[in-house]
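Presented sequentially are two complexes of subunit A, the first with subunit B as partner and the second with subunit C.
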Partner chain A sequence: MKWLDKYKVIHPKLEKETDYPHWAISLTSTLLNRTGTWRIFRPLYQDQIPPCNNECPTNEKIQGYCDLVKQAKFAEAYKLILEDNPFPAITGRVCYHPCENSCNRKDYDDAIAIHCVERFIGDWGLKNVALAKPKVKNKKTVAIVGSGPAGMAAAYYLGLEGYQVTIFEKQTKLGGMLRYGIPAYRLPKAVLDTELKKLIKLGMKSKTKCAVGKDITIDYLRKNYDYVIICHGAHKNRPLGVPNDKAKGVISGLEFLSQINSGKKPKIGKKVAVIGGGNTAIDAARSCLRLGLKPMILYRRTRLEMPAVPDEVDACEAEGIRIEFLVAPVKVLATKKGKVTGIELMRMKLGKPDASGRRRPVPVARSNFKIKLNAIITAIGEQVDLSILTPDIQKTEWGVKVDRLGKTNITNVYAIGDCVTGPKTVVEALGAGKRTAFQIIGATEKIISKTDKPVKFTDLNLDYFEHQDKTKIPEISVAARKKNFKEVHTGYNKEMVLKESERCFSCGVCNKCDNCFVLCPDLSVIKDNGEYEFDYDYCKGCGVCAHECPRNAITMIEESKVEEQ
Partner chain B sequence: MKKVITGNHAVSYGAQLARTQVISAYPITPQTQVVELLSEFCASGKLKAKFIKVESEHSAMTACIAASLTGVRTFTATSAHGLALMHEMLHWAAGARTPVVMANINRAMGPGWSVWTDQNDSLSQRDTGWIQLYCESNQEVLDTTIQAFKIAEKLLLPVMVILDAFVLSHTSEQVDLPEQSVVDQFLPRFELKTKLDLSHPSAYGGLTNPDHYFEIRYKIQKAHEQALAVIKSVNDEFNELFGRKYGVIEAYRCDDAKVILVTSGTITSTARVVIDTMREQGRKVGLLKQKLFRPTPTEQLREVLFKAQKIAVIDRNISFGHSGVFAQEIKSSLYGLAGAPPVFDYIIGLGGRDVTPDAIYEIIDNTFKTDVPNEPIIWRGVRL
Partner chain C sequence: MRWTIKEKELMYPGHVACPGCGGALAMRLALKALGEKTIVVLPACCWTIIDGPFPMHSLHVPVLHTAFETAAIAATGVKAGLDVRGKKDITVMAWAGDGGTLDIGIQALSGAAERNDDIIYTCYDNEAYMNTGIQRSSATPKGAWTTTTPQQTPKLEPKKNITEIMIAHRIPYVATATLAYPEDLINKYKKAQSIKGTKFLHVYAPCPTGWKMAPDLMIKICRLAVESNIFPIYECENGINYTVNIQPQKKLPVFEYLKLQGRFSHLTQKDIDEIQKSVDFERQLLLKRAAKS
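Right, the complex of A and B next:
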């Protein structure tokens, strides 16, 4: 019992009243009494997974960078994002932000505008942080087929480890769907070009105007490179499948956008119908408006079933574009020479849910009607061009067949992005690219799986949070958007980003708020160098710290189960 | 500086001039104005104190005890049911020897619900170990509040300053507000010898077995016994600086009195007028104002009362099943003295029913006319 010596005291003799203290005060130090032995439950500082991090397809440490932004540590925040996503200036603009949909704050007042924080940091980093160079040298070679987000992410993380990466791109410039699919009012080309410099700095080579499957074969790549990553996307247009669907004046949405994004002005008539309810349809319609055309959207289900990002649909309507719901094309109307004059439509109603969980549109009998048009843009989904693949690569119904980490049935051949999943999102492609790169590098510990136990809204102690509305996202007026492709959202400034990040609950992650330290009735939270530690000699395990932790970063476990932990 | 203020605000100014450092209170009619003004003082910076908001009087007293144990000057105020809710903590405050000062506005206990004055709330707390001082005027309220801190800190006992609901609490009178510098001279910052100290953690108020409990209780009683001398010296010192004194009791025209009337609180000032009238009529009557209720000023009471032939006690309270509380105290003080005068216990004015000069006149007159009290309680003003 050596520790006892420290507190050794000679007990005064209490022989008469005057020997006593003036009230009931212990005569020896209470440090002698190691009340920690009474404990049945033990508090542990144990960070949990915030829902935003969990939902992000690139596993960005969102809570982490919001915390750094709160402290105005922008460079650190930027570096933290780059661990998981090399291109925050892009995702900050175009990501459909599943993080915000899962944000616990949405149940309190409004989700954090995470994408705006990300965009600010992304832009700040491009201006202020030097581009990364390869960390090591590596002789292994990698061929990447397609320069969209999946390929870009893979190239970045492989490049960091010194892999010799060559990207093959069919188009004249790099970027894939980011360049040719997404209009400049959402992602200015200059931002994309600046982000692409990161890959050049890492020594990536590129072969543009080189269509794999035509100019060069997958077989050739397999023979000449150590690894092949197929990520050529899903660009094949799906025809309407109604009479006259190849009439003059019918154009695919992607083709239309690609022309605009290549700097051309598509020659189409003034009154345009865009058919479809996805992001391509919205992008095409909003682009029409900017070209001075008169677009409308025709969609066979309702707003609720639209696959497009709700914010984009809102913006579309704000710009005055009419969306006609519950209509499906029956026939394209055309002149004898095959020039579009209109479309015959049929009213639909919603039936039982289909495989996607959305209610299936069912035709309403004798509801046909016609509208006059000069052009039709089809945006009813894109398909993967599987013709470029060698026959030995296994395929699914819609794309290349791979395992969870992008491996095909052929050793050292990977496939990622839309060519695997069908048309999906930028962020999912980035995530897939990163995971495949980690797989090739052998950094499998960095490949994070989603947890089914992220911090829930009900896990938080809301007594410690004040209501605060989302910081308004600045944008240019509807009038200012006419006939140009100026970026609609102008982004947060420093003041706004500090204010918005301050709203983050920091779910499940200790952000040193001092609550446990202040409220521990046994003074058993010790603060050392800014870090907390429990003094288990005296902690009685009352659980006040865990209960009062605003963000659920303290867990109580039974003493008998401590060993298991 | 002279100012016309209510009794409640006299309390607030007293606590402010005493440079109270921590205030924790919960509002209750008729006390609310006391803490209202104090919170304004805190907000404006006139008083540099921490105002701790709480959800109940029990917590208010708990906060005061804890604050006081760290060695800061601590104040609260309450009334009636609020005081009753504090009951457990009143024992604690005295048992932990904390010099907390509290103003209690005498209000009748419910039910029936009442906001008007009587003394049952504070007298019910007789045995908690608190010093109790009853006040007659707003000036006395202010002066007593300032003195209460000094008494409490010298004895390490909590002190209750008591004033009548509405008759004082909400009635404005001219009050002489002393200069801060003089109050500072009278009441310098105090140092608690044994206070909560993080670097020397000890157990405070913990389990105390039969081997030790008794001695600590003995010390509380000894402190109460010292209180009479301490209160007197504090009073004298106050008188020197401010020119006003109150004593633990006050004997008014008692020297040759055959009947002495015993009063407390504001009934005293009404009684003074009646005594003067009766003296003019040639009747030998005196008045004893009992300001200090706990500890009981037995010697002082005996000295004055023993000379009279009869004693009439006005009790604006009742200890159910016995009699008026002040009368019991007076009887007990005189017990064992050969030839002690008989004590007439008049219970009057419960729940704030008015106690008029005529009623007091009749009480004294009745005492003159009656040899010995025929019943333990003589009811006045109750519809029988």
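Right, the complex of A and C next:
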């Protein structure tokens, strides 16, 4: 109401006849006339949840940082991401981006390439923003079992609050699945190492080559640390379960990737079949190609049912890797000495949907056939190694039993990530790590749960947006990918990231576009230091502001229901 | 997209326009463009009411209320008076509705245009006599309902093309504008202010009350009117040089515009086709003129 204060409302005293002017001339302004009493509906500025934020397992404020990127405020954008996700340079590369699948813009032209924006900001931040130091000192100690994304996220947020964190890692280097599971052409090791520096700066200690369950027990950790977080992941390979599945030349996908990622070159034959349809299968096949081998993928259902990220499957096919659908292994063919020579397969067809909602493959009778091979990589899913747990920790069919925030049945023992859910994604592990850290810190107000009412496409006023295609994601040519592990996607540059973020609708969140202010016929939207406010003394409730808000950040509610709000 | 529109207001809230009034917003934006050194002349029209009853007044600038048919000539008089007193930097704007312009005020306006008096004349067009109870005017479009052209016998005559009438006077500047394109509207007022002579602005200002539509659709209906070519946004300098300022992005059928308004709810498909035909014809005519100039 500030600008109104400038105009003093004078009520003219018109009691006697002489108070009236001799001709019809106004004596005061219409500010006397409180037209707000006409109102039946009342506009309210109410930020809604954008679908991208809602779908992100770490609840990243995607709309928020896109808006900052639009204004080229990269440092602020970076800090905003770090509130929810400590490693944007990693997730910008490897996340399967559920945000983009829910982006309202996909119904208009094309979803925003959110991961590319995130990656740019992540890389920019690593170069230009100083690493965070602990905000306070804290004597509480935390033991984290496993240094994968779940453990890293927990360590980061606990470290910020000054907790004394120690990470126990079986392998020689930190990073878990990020280092040993994801090939360098998707996540260069240098990026991972730089991101890990954040944890070192926060004073995290690490004990590598220390296998919990073997070198040290969970009981020992429980006695010596205030909190224990179990996040050792799901690394146990599931065998093929057909005759000869232990023949020489059959290798598990994770083992294969782990060898490559440790800098070794696995010794396997040239013609390779990768069995499975998940991300491990795709990673293994694409890695084979880069080692100069001839891979193919065998999957028992169709492309539609593949659990792998569609973009990765596309890339796989672009690189010339054949994917044979609707085939299942019957028998591994091997020499007498037990060396793989081929595989016997059977055709499948799709039956009724199973528990996962995908159609179950059913064998086609008398459809067996054989192919010649030198090696077989199995990637039909990973299991959680539950043997490291003490017997008093409750378990489920596939992992550790926990509540929504990662608490096990034992006080101060938490379990998060793949060891709870079975093999899932990096971003889900990061989100779980963050939530558990907030739970330990006591910052439960920061733990956001998903809403069922994000802003829908139909809620937006599209008249204010022009069609613009997604900025093409730059990548190296297929020819340049052979025989090396160079990163495939090269990322956006500054110009591209500005252009792409400009496409963001900013669903449900006011980004100060001025529409409500400019289009109000009753001058009842007041701008005060860049913030808007409704002047309910005069607002007649016509609803033009709410209708013309391009992003549904204004809601109209009935006056009679105002009290309830 | 962000607007570049001044924050300074030259109007008070508390005016008594209906919720969602296009005319009220048009005045607000026009005054933002013209600035404080403006005198407004109002004949009988909605704005006579909107401005407020005695002793109130809703503008920061002086207003002269005058008789129905005299908007243009009263503005000329005010301008002449200012000239005599040597006040050359004050803009005088006559602000009349479609009745006060197309019907009863046309002779005064034509006279002012013929003499090329230095005024801005705005016709804010809500396509009927609204504040007196929605009676038809010569700006009411063909087929529309008003209280004097009820649904059984809707208006049979097409809308009078006041913009072309004014262009035919060969005055320095004639333009159309509407509220869905506020920057265009403001730029046109600024341009008009910078030109000497009679300037005529035809502002399309919806009346949710008289058009029987939801008030929150006020801006949307302006946009649809432009996108369906019902109300083309263009300007003409010296009666010769046409410029189409806003080219509709998509060719929208007139039905999209008509269907939101209760005053057209009785139209049959045949009527709508006829309207579409005449709109297409007018569009072609305008494009031809714009191409020739």
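What we mean here is this: the second predicted complex is superposed on the first by the 537 of 565 C-alpha atoms of A that agree within 3 Å, B and C clash if a C-alpha of one lies under 4 Å from a C-alpha of the other, contacts with A are read in each partner's own complex, and residues count from 1 in each chain.
One rule holds for everything that comes next: a contact is a pair of C-beta atoms (placed from the backbone, for glycine too) under 8 Å apart; a residue touches a chain by one contact, two chains touch by 3 or more.
If you're wondering where the values come from, they're calculated on a predicted model, not measured in any experiment.
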Which of subunit B and subunit C A:V518 touches, first, second, both or neither: second
Subunit B versus subunit C as contact partner of A:E17, first or second or both or neither: first
Partner contacting more residues of subunit A (subunit B vs subunit C): C
Partner chain(s) touched by A:W38 [first = subunit B, second = subunit C, both, neither]: second
Partner chain(s) touched by A:Y220 [first = subunit B, second = subunit C, both, neither]: neither
Subunit B versus subunit C as contact partner of A:D463, first or second or both or neither: second
Which of subunit B and subunit C A:C542 touches, first, second, both or neither: second
Touched partner set for A:S26, first subunit B, second subunit C, both or neither: both
Partner chain(s) touched by A:F369 [first = subunit B, second = subunit C, both, neither]: neither
Touching both subunit C and subunit B, counted on subunit A across the two superposed complexes: 14, 24, 26, 28-31, 33, 523
Of all residues in subunit A, those that touch subunit C in their complex: 3, 7, 12, 14, 24, 26-35, 38-39, 463-464, 512-515, 517-524, 527, 535, 537-538, 540-544, 546-548, 556
Complex contact set, residues of subunit A against subunit B: 14, 17, 20-26, 28-31, 33, 523
Contact set on subunit C toward subunit A in their complex: 1-3, 5, 7, 9, 11-22, 24-25, 28-29, 51-52, 54-58, 63, 65, 179-180, 182, 208, 214-220, 223
Touching residues on subunit B, where the partner in the complex is subunit A: 95-97, 156, 194, 198, 200-206, 208, 212-213, 215-216, 218-219
